[in-house]
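Both complexes shown next keep chain A, but they swap its partner, so chain B is in the first and chain C is in the second.
Up next, the complex of A and B:
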């Protein structure tokens, strides 16, 4: 596998602000790569650096081994799907999709044929003559996708492309993007602040915070073994145990992450499995969430959250319960 | 449910009086283009005739040079304004820098300043630089305030344009020029047309700045001013006035309709 995009110690400063701060990164060819982070964490700036809308202050970016310093967007074999789609309102859907080919000088009949193919790829057959203003948000999203894909880019950049869609549509598009990626076999780089989206779609995830990549790995790696407190709390929700609390319950004296679904809630009289760590405390709140119930328990001043499958057992609000977990579920993190 | 509050009688009367005050002089101009009395304006006119229209057309060759000069100046000033005003608007739309608001104010200032200040300033500037007065000095004088209307119109339209659209175009392989031609121009075109028409109308009937920058030539409005001082076939001046109204009013009307669904057309009040 060759490397599609390579960041070599890239920084981008805006005045005093370090939007991107010393990022080194390899994105492999054919990979579905997600950049995940809160707003202002530098993920979108990284995407713009790949697209060429912005240039690094220091460091170098290589696209398929070729150094991209100073290369304008129109000389890069990458295409972008914008967050607000950025369709051209004065053109028909067909002309929007064919725009890149028109600029390249492809004859009209040929580029209209290609535009039709691209539109059928995103299931918008017969939409060529409509205007972007006549489309729904989901349809515009597909047009933006077709407009980028028709140029056969080697890397497709997606900037929070599902952000403006409602939940149902978003889940559907996630599936379609996955299958498009599978069928086309090109590299997708996907920026999102939605951890669920990143985990469910990407082959690998880079987690950004304050301009740096704090962890990079497969979705299960970053979920199961968060390296830092930031990752533990940003990807999914987690109980972050202080070094003292961890040491008092059989772990090393270090910040420790414990996922709520790894904790068993035991009613008085129930016996933990052998080798489990166990604490007891008072239930401070119960939150019904459909498939699971979130139980918050106050353990001598520390708040621990556990999830229990709905209907598995009846937990008394305000009552005393025990919490038990396998020691291997407690993940020791870096001190930061 | 309460019905819509209705305007009081006195407000209606005041509005009506205001409208009459604004438009009665215009009506009189049109009326006296048809009068049979040539030396003085008596009311009501003693009789009606259309012979001043033919007189203006056939017997008065002195009308044509000022008319052509005015058209030429208005066209050139509009062209200069279209290029410079659009460039200025584009620059101030994308860029973010210290003092941006002040620069923006400097662009709009020529239309806010009294014409007499602009006129004196330009005249002294031309004198200092030893620029002889010509058609071009008039054009430059007019361009100062024509740029403003184009700038305002273009900026208002630019602000509605998503900045991502330009990036999208470049992302799809278009360079700066292709992006301007295929994406920007089609979207700001009607605003430029409207701005250009307003600029044309402003320039065509400008008197004050023109008097300071014209030298020996006279534009149509200055010719009309001179005609009023030396009465000779007075109603001919009214005929020319009607033509001026038509030439300036139609572009303004067109500009209004072109930008109606969007933001206001700035500077139309000069």
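Up next, the complex of A and C:
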């Protein structure tokens, strides 16, 4: 596999603000790559640097081995799906999709044919004559996707494309994006602040914080083995155990991440599995979340959260319970 | 016992009444301006139209209050049509020139100017509107005069011959800039420029930056983005501005009298007809001309899709 996008120690400063601060990164060809982070973490700026809307202050970006310094967006074989879709309001849906081909000088009949094909790819057959203003948010999203894909980019950049959609539609689009990626085989670079979205869609995830990449890995790697406290708490929810607490419960003296679903809640009389670490404490809150119940337990001043499948057992609010976990579930993290 | 509603003080009961009867409030707000527009504005326009269907008794010089098309027949005589043509051509050229001069200024203000620079832009564009129109026109007469600064600068730069050549062009030339169509044109463009810049700037301001990025992303060079995205989206603003520059030039009666070769324009003709000549019907018929031209202009603009992006 060749490298689609390579960042070599890239920084982008806006005055005193280091929006992107020394990022080095390889995105492989054909990969579904997610850039995940809170707002202002530099992920969108990185996407804009790939698209060419912005240029690095220092460092170099290579796209398929070719150095992209000073290369304007219209000379790059990448296309973007914008957060606000950025559909041209004065053009029909068909003209929007055919825009890139029109710019390239493709004859009308041919580009209209290609636009129809692209629209059918995103399941919008027969929408050619509509105006963007006549479409729903989800439909606009699909037009934006078709408009980018019709140009057969080698890299497709997606800037929080699902942010404005409601939950149901978002889940449906996630599935469709996955299958589009599978069918087309091109590189997708996907920016999101939604960790669930990143985990469920991407082949690999880069987690951004304060302009830097704090961890890169497959979704299961970053979820199961967070390197830092930031990753542990940003990707899913986690119990971050202090070095003292970890050491007191059979672990090394280091910051440790323990996922709520890895903790068994034991009622008085229940016996833990052999080899498990065990603590006991008082239930301080119960939160019903549909499939699971979140149980917060106060263990001698430390708050631990566990999740229990709904209906598995009745946990008394305010009662005393034991918490048990396999020692291998407690993940030791880097000191920060 | 607790009540779910807060007891109303007496003075707020009026607000409460209008909250429940919001249509009544809307009606109260729009009735006065509606009366103003309906009676004062449209009414007088109608009276004007009616006047154009009367005629002037050539012997007595009195207006004959009988409906006739004779005045319009008079309007279509070649001596009058020359005035209409002259004014329309001038208004067209002034409008085109204003839009060309305004666009870069408006574009800069909309896309690049921030904070203080933007305030400075508004000040620079609006300030000429605060001073008297007559003062500005007379100032231009001095600037354009044979002894004026333009001639002086041209001579200092040894470019006097350029000015001479320009002024020797038939029709648009003349003895000096202030006595030529070129001068009239320059002053019209100067005076109406703010009316073109402001709507163009407002339209450009409404074009999201992401659209320009999107067109670049899809392969359009800056020139192609300008033609295919920015200009079409700014067009409603440019059209709005052109309605000002076009109709204001069509109706103006002062600039052509002060600057230029004293050939009559529609405005100055109306002024002369209703004043010294006392031919109110023909003056009214002349006034209908810009209304008809503007109507045609708007229909064409609409057909060309100028308002599609609204």
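Some observations on this one:
One rule holds for everything that comes next: the second predicted complex is superposed on the first by the 336 of 336 C-alpha atoms of A that agree within 3 Å, B and C clash if a C-alpha of one lies under 4 Å from a C-alpha of the other, contacts with A are read in each partner's own complex, and residues count from 1 in each chain.
We take it that a contact is a pair of C-beta atoms (placed from the backbone, for glycine too) under 8 Å apart; a residue touches a chain by one contact, two chains touch by 3 or more.
All of these numbers come straight from a predicted model, not from anything done at the bench.
Superimposing the complexes on chain A yields a three-chain arrangement in which chain B and chain C clash.
Contacts of A:147 after superposition on the shared chain: both chain B and chain C are touched. Look at A:104: by the touch rule set out above, it reaches both chain B and chain C. Looking at the shared chain after the overlay, A:33 reaches neither chain B nor chain C. Comparing the two interfaces of chain A, the one with chain B and the one with chain C have residues 51-53, 72-74, 78-80, 82-84, 86-90, 99-100, 102-104, 147-148, 151 in common.
Within the complex, the chain B residues that touch chain A are 162, 164-165, 167-175, 178, 182-183, 186-187.
The touching residues of chain A, when paired with chain B in their complex, are 51-53, 72-74, 78-80, 82-84, 86-90, 99-100, 102-104, 147-148, 151. Chain C meets chain A in the complex at residues 208, 210-211, 213-221, 224, 228-229, 232-233, 305, 308-309.
Residues of chain A that touch chain C in their complex: 51-53, 72-74, 78-80, 82-84, 86-90, 99-100, 102-104, 147-148, 151.
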